[in-house]
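Have a look at the structure below before the remarks.
By written order: A, B, C, D, E and F. Residues from 1 in each chain.
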Amino acid sequence: MVLTPYFLADEPFYAPQADEIELFTAAHALRQPVMIKGPTGCGKTRFIEHMAWRLGRPLVTVACHEDMTASDLVGRFLLDADGTVWHDGPLTLAVRHGAICYLDEIVEARQDTTVVIHPLTDDRRILPLDKKNELVRAHPDFQLVISYNPGYQSVLKDLKESTKQRFVGLDFTYPDAAREARIVAREAGIDEATATLLVKVADRSRNLKGHGLDEGASTRMLIQAGRLMARGISLTAACQMALVLPITDDPDLRASLTDAIAACQ
Amino acid sequence: MVLTPYFLADEPFYAPQADEIELFTAAHALRQPVMIKGPTGCGKTRFIEHMAWRLGRPLVTVACHEDMTASDLVGRFLLDADGTVWHDGPLTLAVRHGAICYLDEIVEARQDTTVVIHPLTDDRRILPLDKKNELVRAHPDFQLVISYNPGYQSVLKDLKESTKQRFVGLDFTYPDAAREARIVAREAGIDEATATLLVKVADRSRNLKGHGLDEGASTRMLIQAGRLMARGISLTAACQMALVLPITDDPDLRASLTDAIAACQ
Amino acid sequence: MVLTPYFLADEPFYAPQADEIELFTAAHALRQPVMIKGPTGCGKTRFIEHMAWRLGRPLVTVACHEDMTASDLVGRFLLDADGTVWHDGPLTLAVRHGAICYLDEIVEARQDTTVVIHPLTDDRRILPLDKKNELVRAHPDFQLVISYNPGYQSVLKDLKESTKQRFVGLDFTYPDAAREARIVAREAGIDEATATLLVKVADRSRNLKGHGLDEGASTRMLIQAGRLMARGISLTAACQMALVLPITDDPDLRASLTDAIAACQ
Amino acid sequence: MVLTPYFLADEPFYAPQADEIELFTAAHALRQPVMIKGPTGCGKTRFIEHMAWRLGRPLVTVACHEDMTASDLVGRFLLDADGTVWHDGPLTLAVRHGAICYLDEIVEARQDTTVVIHPLTDDRRILPLDKKNELVRAHPDFQLVISYNPGYQSVLKDLKESTKQRFVGLDFTYPDAAREARIVAREAGIDEATATLLVKVADRSRNLKGHGLDEGASTRMLIQAGRLMARGISLTAACQMALVLPITDDPDLRASLTDAIAACQ
Amino acid sequence: MVLTPYFLADEPFYAPQADEIELFTAAHALRQPVMIKGPTGCGKTRFIEHMAWRLGRPLVTVACHEDMTASDLVGRFLLDADGTVWHDGPLTLAVRHGAICYLDEIVEARQDTTVVIHPLTDDRRILPLDKKNELVRAHPDFQLVISYNPGYQSVLKDLKESTKQRFVGLDFTYPDAAREARIVAREAGIDEATATLLVKVADRSRNLKGHGLDEGASTRMLIQAGRLMARGISLTAACQMALVLPITDDPDLRASLTDAIAACQ
Amino acid sequence: MVLTPYFLADEPFYAPQADEIELFTAAHALRQPVMIKGPTGCGKTRFIEHMAWRLGRPLVTVACHEDMTASDLVGRFLLDADGTVWHDGPLTLAVRHGAICYLDEIVEARQDTTVVIHPLTDDRRILPLDKKNELVRAHPDFQLVISYNPGYQSVLKDLKESTKQRFVGLDFTYPDAAREARIVAREAGIDEATATLLVKVADRSRNLKGHGLDEGASTRMLIQAGRLMARGISLTAACQMALVLPITDDPDLRASLTDAIAACQ
């Protein structure tokens, strides 16, 4: 089957925050389009992978960007020895064969991408392939999921109201300290005491959000620091590499973050 | 026949608001181009589907967007084993074989799309395919319909006066409360009492329009909330998912909407 | 003959305003390029169709737009089983075989379109096809006609002085009330008394031009309203559909126009 | 010979203004690049046609525009049954076989066009066809001529200093009244008394330059008016068509010009 | 093996500044994406070449620029005698066969390039080739490294927060004076006393950073000056050629730099 | 040999200003990239032609412009009877076979051109052809030379600091009066007394630089005037054609320049 490589072989680890698994399961039963909201690195992609695995559905993921065209999603004609041959894009693949299609950061895409999903996200559940005059009726198992980072949108770059209304929403945030430490310990292969130190550093860096930092350290970054420590790098060096250097060049912010690291030891 | 997949098999449910069915029927008898105006999610697409079914005509729908070119509508040459072969676009398909062609949100399209419809929308009723030097005379049953959301246009992005004048207009708005509750109950599969609660929430959210919200909850969103309730999700959770989270990230607006939901219970 | 489909089979109805038929006939005898000026929907296209029929010449019409390239007018190479084959565009077709070529709203086109007509509009009467190194000498019967809407041009989008000087001009405006009523009655199939009512409404709406309306109701719009009345729609509903709803969403303007309709009954 | 269609069969009529024929002849003997400057419609194109005829050289004319690319001038690969075949553009044609190449309004072209002529306009006299790694050494008879309208350039759109310095210049203006009347009489086929009236009208319109008019009536426009008169159109109607309507829509300017026409009768 | 030409044959000379070799080695063992930060010409490229050699891994380097598209990185279909054939881009080559892929100055690239690396830089380690519906799972030896010059970024052109968080960072700066003199002496083939003079000049020029100079003289520039001296050019002339003329046209800055050169002799 | 047409057959005349021949020779021996700086028409191109002849090396010259892409420099796939075939661009030609590659006015080119030369201009001396996954190692005789006009750069259009640092610089200016007169006399075929008059005119025009003129008359323009005089044109007419008309349309500047010409006679 064409979607075979899109099934997840192993259970992706996911620690639930609230009732998000139940809510997503209900929306999935209705095949309702879902919008996953939350900051970068808080586990949105992991959650949707977990749900695809839990529901036994293949998952087609597309990282959207501002140069992506509708054809990149829907498909195009390619030249073959016998002339032009239609080639399904990832969205069409999911629609035709019944996968969950996850459009990551769809706000980054151009308008044509956004409009393409309209007839898929109301009762029609069709995808018109205008270039080949085909109306693809969605497979009964097809579901559309998009991610949306609330901090990123600007007046110039946001989903149209008529697009937003087609989705039901789920809100995500960073896990609470105890749960985050357990996640970091498990994913980085370090003990929970060390992970707790890292979570404390993250907590301080998140307080700097809006005071020069766009966002604080994410769970993902803590795991990266933890892994370096598991390879023998010191807490200080690992935090510098994973939590400080990649996100700011401002000397004052670097000093504040360095102080935070020192204070947690 | 090439238009067979474009006939609607089942009657799309539609609850008339006023005399719009009679007015559209007269315009259709004259094959006059029609402009459907109204806010997002109020039933414009459903109305045109209903009319196509009622009049027994095939319906070719095109979701317009700002990257759409005239060729996307009209057609293009594709490379074949024997050289280039002309491929009718969705508009040409409708013109040649006699469908209702529905250009959804045509204002989003580039100027060339708009100008392409000019010779189709006066007494000439022709579509010049300049790239193959063909003049397609419209099938006697061809009719053009466009949608237009009055709240969206800006100085930079509006139809030209010379385009607007080629259409007759029909105005749509949200149904009154009783009718909307009946529609929501029927479409979501919930009882009318519950649907009436949802309509009350919607009514309050529509009062926030202009106070931070671009638009309030649409009929479409109420149906989505209703369906989640039919799957066992609570009124509060369903309204959060369907009416609040997708449309705003502003904490104050979220609080106002949450209060509105609580007040309706 | 390749231009056969471009001959007009039946006389297009046209009610002369002044001596425009004589002036155009003289310019045609000299094959002088002509610029037709006037507001939208006043009968410019109908006039040129009438003249083509009266002079027994084929008419090639091109609706210009801002995405149109010189190649769209002049032609391009297409890929064939034997390689690339040149394909004349509509302008080249007219130049080579001797048609009247009517470039509708040429100001919308990009600069390259405009410049392409320069060597055709002086004594040289040649069209260089640079891409195939061919100099097409215009057929003795070729004439170029362009339309130009004086209200639309801006500093950014106007013909260059060196282009304007290559044309002789003809000015059009809306017909006087009596003549307009006769035209509306004839084209819509209604009696002249009803048509006179419609003309009165149009007259009032034209007074709103500059007070919120870009243009008032055109003759074309009156005919559309008349046709709806001939299908049994009331004067009020027909005027709303044809004269009010398509052109403005402003509540005050809509009220003014509605008052004007009521006052004319 | 490939340039045969580019020879002028008949002597183009040209009435010299000063010593421009001698100066151009000297520059041609040196094959020096020449820049022809002057307002629109004053006879620049006619002069270069006359010189090509007088010197017995073929003339390749290219009307430049802002969408023109270097490939439009230099050539491109086209797809053939045997693969891609190089196709010389008009400049390469002239360079290779020895024509005068006249780039009309080169300022309109993009930068790449301008830079392409650099190695052709110094001692190297070569045209590198980068896409086929060929260095075309200019035929000994090749000469480059460009036109330049001083009134049109802006800061954003002008030749680079390093381009200007490669040319010697010749200045043109409208002929004096007596000579202009003789030219108009001859070209329009009217008597000199009538032509003198037209020149008087032109003189007045040229005084309006800078007071609302970009340029006054050109010699070309007088000839067009004269030809209409030779077809039986009155002086008033011919001047309206040829001198007033095409160049301004401003009611005051139209009145001034109409007064000027009346005053000359 | 397809990556054979990407192995470094000889050890690239590299003088360590601190513990960067250990830190990079740990990150490489984890295959963690690394961001190398530092000013131009301080040895970032040399460091990554040295590490590739030391770790025995092939190195695929891509110089990013603002016209680079995702296809330039990922690959594209090329037309072949048998139709279209997929051609891996440099990133796909590295991902599929297990090289270190070094994206130099990735900030210069367009957004689509940046987003393409997202699924490669989290636990998924996959590269979706949307155009051929292939999911390339990264070779176990694949590692991604990017360079980032902190002085260059602007609000308009920076990595997205969600991209930055996927990397661990390493900071570089110019070596201290003694080490820099040894590096210059070795690379340019001059004695250390002369190299020390050059380092003094560089030190003074670096103090001008922010006072008219974007950056001072880099280690790379000192080596270039040293090599000219090894060819017999005087210190003054070599410093003018290598340290002054290429970086500023400002007469005052040139005078300051010339003074600095004189003062060091 | 593929570079045969790129060898200079005859010695290009060049009168040295200072020690530029020795400095360039040293840089060439090191194959160091060289940046030639100086105003337009002062002899930069002639110098590099002279050096290529003197060093016995082939010279590949590319006139850069803002529409030039990296592919124009590096090469591209062309379609052939057997599919796509790679075609080296001029830079790749020089890199592979060992020519001096002269990129004239590289600042005009887009960023991708600039970045393409980075790996060629450090110790790596490689040119990655990403589109065919080939790493071209530069021929031992390859050297890169670019020209740079200090007066032209703006904040928006300048080489990046990281590009500038890869070059050693050579400064050019106009020759002193006596040397310039000798050059003009020799190149134009006139006596030195006349040439001295032309140099005086140039000297005065160069004083107007910054007072309305972007640059004064260049040596190139003096030679052009001299050549016209050698064809019998008077000093006044030749200076008008060669020094005044091409570079300014401002009446005051023209008068100043005309006065300067008169004063020199």
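Basically, contacts are C-beta pairs under 8 Å (C-beta built on N, C-alpha and C of every residue); 3 or more make two chains touch, one makes a residue touch a chain.
Bear in mind that the values here come from a model prediction, so they are computed numbers and not experimental data.
Because chain C and chain D share one sequence, their contact can be compared position by position; here under half of the interface residue numbers appear on both sides. Chain geometry summary: the mean Cα position of chain D and that of chain E are 52 Å apart. Mean C-alpha positions place chain A and chain B at a centre distance of 30 Å.
Counting only residues that touch two or more partner chains, chain B has 79, 82.
Chain contact topology: the protein chains form a single closed ring, every chain touching exactly two others. Listed in ring order from chain E, with chain F immediately after it, the chains are E, F, D, C, B, A.
Considering their complex, residues 5-6, 40-41, 45, 61-68, 72, 76, 78-82, 87-90, 93, 104-105, 108, 149, 152, 214-215, 218, 220-221, 224, 227-228, 231-233, 237, 240-242, 244-247, 249 of chain B touch chain A. Residue ranges of chain D in contact with chain F, taken from their complex: 19, 23, 26-27, 29-30, 32, 35, 37, 69-70, 77, 79, 82-84, 110-112, 114-116, 118-119, 122, 128, 130-133, 135, 150, 153, 160-162, 164-171.
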